[in-house]
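Right after this note come the structures.
After this come two complexes, each holding subunit A, first together with subunit B and then together with subunit C.
Let's look at the complex of A and B:
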């Protein structure tokens, strides 16, 4: 009885009503089309699952109850007043797509001289023209649980980017997708990114999410990555949303034989952030890197979930997530590694390191291994600590004040992982986005 | 240059140093030897100003610019800026902090303190390379994070390189030779000897007389149970090496 009444309540929450209403509006004009059917199906899944509550083990630390009382409207065009900040992230020699409140801002985007073998389409166009590719990818996920917020995105996503790199094509330029949100009233934004790499293709993609200081919104982005045999993708997701925003994002990666996913996640914005990364290694010889950094302050909360599904032998995965907590912020890390019975000779390494600087901070970290094969090498670990007194003294004995020493050590803690990012231009951009995190150390 | 007077100190209420008196003049090199737990490393940390140790009695009078100051009143960084240097027994690894960046920050703190212009990265690079050349050290010491992935010997050499760059007036070398093979020890000792001058002074703390064949001290002191129980010339180190410490305690 209780469960039913809770469900009823959820269903009538403004968020549920809004998602339902806007999906219907989006499908009205072409109910029979493939994309409308996909929306409808996704909506049904979302309605069945509802917004996860902390009773759900996977959502134990991420409390989204605040969402249910907010009247979200679809994101609408509005004023965009922090162009100068966004422009700092744009480099002339890179392929840049800037979406402001979901709409492509052509003045800021740079789509000139597209390299051969790269197709870059708006999601709208892709849903009409590249149905087969998207459909084929989704088919691979049949039988895989689809979380509520992936369905929410699929029901509502009206714009975003579709990237396709042809076989044996190496796109050297960074492809940078920036999602900017600024809204006067609570809004719902659902950008979607599809990245397809053909056989032996290589690319570098940065996906940045920024928001205007006081804007209240729920961002539920979805990124789907499909790596063909022997493909290499350097992918970075940077989340520096408004400090009043909710960010519930999902990235799914499908890897075929010998492909390499080199991923990084920066999370330092948002009031409540939940970021999921799910990788399926579906071929032998794949390698997957899942690194990340989170920096939270004040009352911010960030929860990074990842799952690595080793389905085939001779694969490696490496994960290092580091976090700095200041003020009375909270963080959670949950990294699951599945090694299936067939996935012999899997080599998997996972580590989560937390530097806790605030007095009232809390970290929940849960590295999780589920191994069914008997010839594998897997290690995992987690540390939660304060600034090392011996390191501070060492710097002090070299003339550096305690305050500067702490700053230098925190910079080092972050720098150590940022410098692992393959592309220096992405490192530079992340350092710009990290400025508020460093300022909090003052 | 430095005069330690009746120094009592300890950690978390446990007394370790129980009345140390020691005077070191400019241009001198003093060595301190003593059994494990005698307080050698504590003395080095107290001179450098480790915040965990507490001085309960006595003073460390340091003469700088014709002024006498009590080091006990200064924070670790203030002491360092006045020209005190500690080469650590266990140099700390600092991931993510580049050695050149860190050393320039340290060097410029001294410049600021002395009221002279700070050095820009290009000039500093030239300066640090000149020091490295003197000490016969290669590129990796400055291009990498401080001490990360360095061997024991490399860490100790890095301490001496930092000493060369910061050019202290009074340096304490805390067991700089421990755990080093003879080649590494010679390299480190050569570095120290190159930095020795009539304008500075050094306190060499060691377990082993071997080092003192390379860094020849003017005086040797034996520390036992928090007190200096015997002082003499460099021959004292040889006696200790041969006979151990017990004969001193017994007053023979």
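Let's look at the complex of A and C:
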């Protein structure tokens, strides 16, 4: 029997019951297999940890108490009604995988003519065929704390993408994974993505999460990235879920020597969004970029957490997160930089900028440095402010209406960071996803 | 006495400090007859302390309430350091030197000459002829105040500066009104403990429109073993007044850890200004981390009135553990809070210090400048919070926290919390961590400075923003103190 040490109240919450029930269903057919054991182990961990409460320092600002009372049902398979919107994000010359409510939608996906060296599998297939790769990656995380929602994903993830790029291969085409959710009843979705880059490989991956306007669901996606020596990954996660959805996502990156992770996170959907990015630099000379933008409106809440663990010397990391808050929205940012004693000559930079437009907005920001090596250069900064009155005045003096001026300046504020994204096609897609955010400024 | 002579003495004290060895020169112990109560902490202890101090009933009841609340609390362990368990029953909560001539304690004329000598050795002359000009001192030895200088001079302008015991006796209405108004006994574990057992401290009251003519200061000395010091300081600045207050502290070198849990409350009314400076140099333990003071202090100021100003300046160079977050509640419109701090840790010292600025009033401003230097195997953390409440229209904050690491076994951490609930607020926060710039050292060495001199000069520059906020004498001492602490850790 399972050992459950969560509080009585959580034990009985419908979310916990649902997770337990679905895991049992998923493991029923092949209880002895490796993947079933992994599910079981993850479920145990999830049950031990329970859904984090605001008493947990890492969840101080993210209140998930609303989740415990929602009665999550299995997600209904099949159709969705906003094809036109999704199609805008699809380009013919890119490799595209579209998952609708967790199932691969072949009609929309574009999987023709795979470049050499790229293996693209469904997670189901990968769990059966590429077990060693996944297992080896998980082994590296032994002793590292596994947060509740990673375990939840691992217990329930039934489909997703597995990307493997062979050594010395440069895949120039953008690999675009789209997760679409539309559900009439509260549902739970747990897409998983595994990205493996071999030595000196290079790839560009975009992961998009979109949902239908009125759907209520909890999306708990997990992306695991493993970068071999000298590999380069341009990765972007764009989240524009339904405005009634909860998004609790995790991205973990494992970097080997001289690899480069170039990451970007766009968060502008969801009622409550929590996005965690954990990078472990496990080799010398790595570089990591973690940029992001969040735009929230109405009563939306977004919490971006990132952790950069410098375990080896001579590495650099750069982080810039920008946010625009409108209406009575809420945003949190928590960036941690750890520099281990051995990680000399680390150069780490972190900045969080918030533009607060709405009257009842709240911003909590906590850039955090924990440094155990002396020969390092680490800086962080945070700013919270408003539109510059003089800039608005200048534009008005040039016959631009105040509304347009504000929009223009907001575009400038966002554009500054969007243009840092390596691939112009991804920039275009993000701009499409950002349309509602800018529309709300009017 | 001619002024020049007094100044010469002042300079001599500073020089003595500079020439002292790198060891903790305040580590001596004064062998003196003491009046102490048995170890242990219960309601009886509190009654005993209260009786010894001839306190009125309301004070005793307040202590008792605090004690009962304390019993419901658990020791906080969220700070970024580790320490062994503290046995609250193994301490004596009241240790006072016996007055030889039979007179009351607290009067310099009747105090044991041995005590006066002790303070003289610490650079704090108390006797009439040798007093420092321009500075009124309240000297606290273990649990009691042994004397306050310049009281008559201050009384002329209406300033009350005395020990807390005296204040409870002579100005109960003021104490009743303000004590616990900024740091209530229910605030935290150590504040509750302090409220229950506090034995002395300083009380300052600056009446309306008075600019205090002297710098006020308190010197805290822990002497007895197996005791703790629990003092309480309360400063009230009435409308339009100004006061600058200094605080210094030392303790003997001992192998056991000693507990120091103080509470400081500042209240600034309309247009008043309080400047509070601390040079903390409690014994910090030896190289292996044995001994030293556990310093758990709750310091908070309240800018209750419009246009009021409170500034905290601290140089934290001692204590095995420092747990201290001088805060300002910016309640009055246009009030200003400032925090300047230098925290130096060496050997195995652990410091978790910072500030809290709570903006409530309109157009409130706060500035935070924190400089951390860690060497050897020490651990230095900055933990700060800037909170802008919805009512704080037009609030402004600037924070800067820089850390410098010397050696590769130490660590520096920053935990800044920024919570903004008003969209008209403007905040900037920046922090950096780096080692001493090798090019700068090389340049200074090429100019003929030795390595230690070069490092000292660079550190001085690093901390300049804070030192310039300190009163002159203190600034000189602070510089010397840092130099002394850094000797041997560098190179």
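Keep this in mind: the second predicted complex is superposed on the first by the 434 of 442 C-alpha atoms of A that agree within 3 Å, B and C clash if a C-alpha of one lies under 4 Å from a C-alpha of the other, contacts with A are read in each partner's own complex, and residues count from 1 in each chain.
As a convention for this text, contacts are C-beta pairs under 8 Å (C-beta built on N, C-alpha and C of every residue); 3 or more make two chains touch, one makes a residue touch a chain.
Quick caveat: nothing in here was measured; it's all calculated off a predicted structure.
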item: Which of subunit B and subunit C A:398 touches, first, second, both or neither; value: first
item: Partner chain in contact with A:415 - subunit B first, subunit C second, else both or neither; value: first
item: Larger contact residue set on subunit A - subunit B or subunit C; value: C
item: Contacts of A:125 with subunit B and subunit C, given as first, second, both or neither; value: neither
item: A:365 touches, of subunit B and subunit C: first, second, both or neither?; value: second
item: Which superposed partner A:170 touches (first subunit B, second subunit C, both, neither); value: neither
item: Contacts of A:376 with subunit B and subunit C, given as first, second, both or neither; value: second
item: Touching residues on subunit A, where the partner in the complex is subunit B; value: 388-391, 393-402, 404, 408-409, 411-417, 419
item: Complex contacts: residues of subunit A adjacent to subunit C; value: 57, 325, 341, 344, 354, 356-386
item: Subunit A-touching residues of subunit C, taken from the complex the two chains share; value: 78, 390, 403, 405-421, 423-435
item: For the subunit B and subunit A complex, residues of the former touching the latter; value: 48-52, 75-77, 79-81, 85-86, 88, 91-92, 94-97, 102-103, 105-107, 109-110, 113, 145, 162, 166
